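Take a look at the structures listed below.
Next come two complexes built around subunit A: one with subunit B, the other with subunit C.
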Partner chain A sequence: MIGLLASIVDGVLIGSVYGLAAMGITLIWGVMDVINLTHGAMIVGGMFGLYFLTEGLGLPAYAALPPILVAGFGVGVALYWVAVHRMVGRPPLMSLLSTFAVNLILIGLGTAAWGTVLFNVSVSLPGFSLGRYTFPGTHIMAAVLTAAIAAVLYFFLYRTRMGKAVRAVAGNREAAELVGIPTTRVLALAFGLGVALAGVSGMLIGTMFPFTVLAGDAYQLKSFVVTVLGGLGNPTGALVAGIALGLVEGLATPFMPVSWTLVMEFVLFVAVLIAFPGGLFNFRRSRRST
Partner chain B sequence: MILRRPFFWIVAIVILLFAVAPTIGNNVELRESLLLAAVYITLASNLNMMLGYAGYVNFGSIVFFGLGGYFCVYFMSALNWALVPAILAGGVAVSTLALCFGFGILRLRGVYFALATIGVNEAVMAFVTNFGPWGGATGIYLSTELFQPLGGPARALWTIYYVLVGVMGLSMYLSYFVKVSKFGLGLRAIGQNEDAAAVLGVPTPRYKALVYSLSAFLPAIAGGLYFFKGAYIQPPDAFDLQLSTEALVITMLGGQGTVMGPALGAYLYEELRGWLLTSATFSNFQLVIAGVLLLIIVLFAPGGLMGWLYGRWPRLRRWLE
Partner chain C sequence: MKKFWLIAFVAAFFAAPAFAADEDTITIGVTVSQTGSLNVDSTAQLQGSEYWRDEVNAAGGIKAGNKRYKVRFVEYDDQSQGGRVQQLYTRLIVQDKAQFLFAPYSSGLTATAAVISEQYGKIMLIGGGAEAKTYQLGNKYLFQCITPADYYFTGTIQALKEKNPHAKVAFVYSDDPFSKAVVAAARTQATAAGFTVALDESYPPATTDFSAIINKIISSGADAFLGGGHYPDGATLARQLHDQKAGLKFVAILVAPDSPKFATLGPAALGIMVPSQWEPQVKYKPEFGPAPEQFAKDFQAKYKVEADYHTASGYVTGLLLQHAIEQAGSIDPEKVAAELNKTDVTTLFGKDKFATDAQNHGLQMAHQMVLAQWQMKNGTLEKEIVWPDAAKTANLIYPLP
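Up next is the complex of A and B:
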């Protein structure tokens, strides 16, 4: 019984990181109606950023967070201009294909450079013991950092002028343009933020689990599940849904081999899409019908 | 009617060329490369019915191919079925599964539908890897005795090749007939404006589920033939994301929404790949090149090669499809 409880708590800690990753997707969708299929590659980018900053430059693991955040933002803004800018406002087919193409390029380059071997970053952080069970320090730290980043993002979106501009563009791009908001710059900013969130969540996952170049696909699928659970375009919902997914994973772990998790998550994903197309944790009424 | 369309004869000539060319001098090497081309054309033509007509991207089209292979190999090895009933049953089984899944997600629109198809591949692969009767992660091996009814392995490979070329021809004619039918008109209406199509009485959810299922049938048969030929099937080969990606690149390269486009794209892509694979620097970067190609097409020439041809010589529209 205590074992199950420990498993659930651990699942919630990990799930918060899934929520952080999903916030990246949902932010981009909310602002410009584009699904970012480079998400998986960006998560892997965060993992490798962590690997090279710690193993190559000898930085302590959590000092890698600010550089990855900044680099992720830069990459995201660049990506916006290369692959997304011409696609905004066109049928979703086109932006799906263009971001998919960039994903292929990045994964192809990654596989050519590092193969598909397993990488591991060992972070020594004392855990928190409760009887016979120990919660790894990295999992607790990841959840704490996620909460901090989510709080900063909330502050940015609701309390700063630029954040309000982002929300205005998400609400109605033409109206935002009319009142003098530089919408194109706001779109680039939002894309950069979304990619930075993916990179940081990848870095946090890298402190917890070993990874390969191809790890992004599985985490991307998890992000989609979380995004759909939370309602597309709803960052708060994404965080709550991420925690919920982690809870479900933690609940299932003692009863199910790990290799079935992906199947279970996909079934959950389709079930939610069919039953609650607006999202399970969508607190406000859905903005769009599509 | 159809006999008077130049298109019909062009496809017939292509099929004839495929069938005759490798028999001259018993050229097995050419047969193997044409076999791969036939697989590409089959996958791309069927993907095109979703992508080009209905405007719905299907990132998991390889699932049909892999599952078709699994059904066929399983029927032959465990139930001792002959090849033809096994591939047909495989095709029907995969189409039925696709129809069930399609009806499940039929209310989804636009980007939600695309997200669901992305997950299908990961989930089916994880399922098969854990599925005991299909050999789990090690897959299924076929005994070479199964080649005996077809006249030994050497003869069997030729038979498989001819059937696969037939499947390729069927794919192209199928995509033509779908395009000119009322069903195809409805699909293209969905591709242009789903709301307007629904208002004008196109049963959009049903059409989407039907085309999803229809585009599963021939790739599943091609998968059955392909994995019977190899006498071996394993999850990473059956659900190889690269093949799925290549089908997408080929369709976009040739021209989405046209009947000839996927075949043209497959030919060009094969040429390009053959040329790049011979250079040692590029052989590691196949995915990268496919990605760059796709990005360039999507950004600058969304009509693909057929779109460019039509733009240049509008009268070609009377001859090609």
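Up next is the complex of A and C:
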């Protein structure tokens, strides 16, 4: 019984980080209808940012969060102007190919520079024990920081003028333009935010697990599942869906072989697409389904 | 002027294969995983082969009868993908006219390459394809230089039995051909040794988080762990077993802990064991080629990285081919294959002998593995041989700290 509880708690802790990563994808999709396939590479960018800031500059692991957040935002804005801006408003396949190409370039450069050697950032943080089961301190801290970042993002989107502009552009770009919102700048801002969230989630994952240049693919895949579960374009839904996915994984693994978990996730993915095209946590009618 | 450069370019293009087909050069084709998940071990294996090539060429080439042949490699990146291997080995044979082949790294890729090499009747030496099934499909030209997967955990199980005859073992392994073959044999050996199998579970090779599996290991009451797969998953497993305080007394992981880079895991590496094809400290007395210690020293001086078992297996594939050509006095494939079939030698890598019966042709018969463990020595993590007794450089630490 304690084993099941431990598995559920672990699932929720990790699931919150999946949720954070998915918030980046869903924010970008919600605002500009672009599926960002550089997401995995940006997660890896956060991991390597953590590695170089801690091993190279000697920063404590969690002190790397602000610089990675800022750098992620900067990279995201630059990426928007280089690879996305001209694709906005065109068929989604265009931006899909464009971001996929950038992803291949970044991963190729990363592999050329570092190979697929494993990088490890040892973080010493006391954990919490429940009987024979231990929840590492890094997992708990990742969940706490995810909650804090999600709260700040929520505050930004719902309580600040710029955040409201982002939501307005997501709701109706033409109407937002008519009332004087600089939509292009808002799109760049949203893309920057999405990439910053990917970078920070990568950084948090880097504190928990060793990583390689190729590690982003698995998290990108998970992010897509979470995004669909939470409803495309719904950051809060993404966080809740991430936690829910972790919870389902935690509940299922004690009773079935781990290799079936991925199958189960994708069955869930297809089932949600069929039954709830707007996502499990999209209580209002989907904008695109009208 | 433009026309001149065009003609010059075309001439150079067609001249290149002519140079490649120089009659005093032996062309060896190989693919390496420069990209993809097998990059670390595959690159180490190729470096070993390249080191052999450079050594041979510096000494004037391979002597076959009255002639000396320089060695030329044609290498391609297989991206760690079977589909690429199939295309590239065909290209190596048909277009690049490779006379001999070295296999790619890993059982899965080797099995794919073997289909092509056999189809064209090319000799292929294997330094990183341990799964035995590949050699049991009626081949004639495959030669496996390393211990087959079935025997990877044989020594590990014997070492564990000496410490705990009633061990409860958790088998957790990657869902790939190599790891599954290793564990299939180890499961039988563990049961025969009197152990209880507390958990038997595979995971997808791309798994990045083992929290749920480790909770299952703890729930199973296992006190020993045998499993893993390749480099990224094995190292992540070791880190998470440490972080989640799994309470295991004995942990042996395939492949990953053999890499010198495993030490970057710090305290998570301490006490972890790896069944190893070769370690620099082994004391084999080679009949030809360098001694293990000399090889390790010279390799490190050249490449600025430590030699691991993949490096040594890459080197020995070249060394055994060279020996067979020299014995045959010819580069005729049938004569060289006949000499490889007669191989029964000791090199820096240990003993090597290939099965010659039709059902198992090329399967390794003589090479033995050692068991290495990461231990703290003068404040730094070092890999020590802890089994067998004849080869050991330190006592096995049991239970784990």
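Note that the second predicted complex is superposed on the first by the 281 of 290 C-alpha atoms of A that agree within 3 Å, B and C clash if a C-alpha of one lies under 4 Å from a C-alpha of the other, contacts with A are read in each partner's own complex, and residues count from 1 in each chain.
Convention: a contact is a pair of C-beta atoms (placed from the backbone, for glycine too) under 8 Å apart; a residue touches a chain by one contact, two chains touch by 3 or more.
If you're wondering where the values come from, they're calculated on a predicted model, not measured in any experiment.
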Fit or clash - subunit C, subunit B, common subunit A: clash
Touched partner set for A:T111, first subunit B, second subunit C, both or neither: both
Which of subunit B and subunit C A:S7 touches, first, second, both or neither: second
Which of subunit B and subunit C A:F269 touches, first, second, both or neither: first
First, second, both or neither for A:S259, with subunit B first and subunit C second: both
Touching partner for A:L97 - first (subunit B), second (subunit C), both, neither: first
First (subunit B), second (subunit C), both or neither touched by A:A148: neither
First, second, both or neither for A:A215, with subunit B first and subunit C second: second
Clashing subunit C stretch [against subunit B; choices 19-27, 55-63, 109-117 or 235-243]: 109-117
Touching both subunit C and subunit B, counted on subunit A across the two superposed complexes: 108, 111, 217-218, 257, 259, 262
Touching residues (chain side subunit C, partner subunit A) in the complex: 34-40, 43, 175, 201-204, 206-209, 211-213, 215-216, 218-219, 231-232, 235-236, 239-240, 243-245, 247, 261, 264-268
Subunit A - residues contacting subunit C, complex: 3, 6-7, 10-11, 14, 108, 111, 115-120, 122, 127, 129, 132-136, 138-139, 205, 208-212, 214-215, 217-219, 249-250, 253-254, 257-259, 261-262
Subunit A-facing residues of subunit B, complex: 51, 55-57, 59, 101, 104-105, 107-112, 114-116, 118-120, 122-123, 126-127, 129-130, 241, 245, 248, 252, 284-292, 294-295, 298-299, 302
Touching residues (chain side subunit A, partner subunit B) in the complex: 29, 33, 35, 37, 83, 86-87, 91-94, 96-98, 100-109, 111-112, 217-218, 220-221, 224-225, 228, 232, 257, 259-260, 262-263, 265-267, 269-270, 273-274, 277, 290
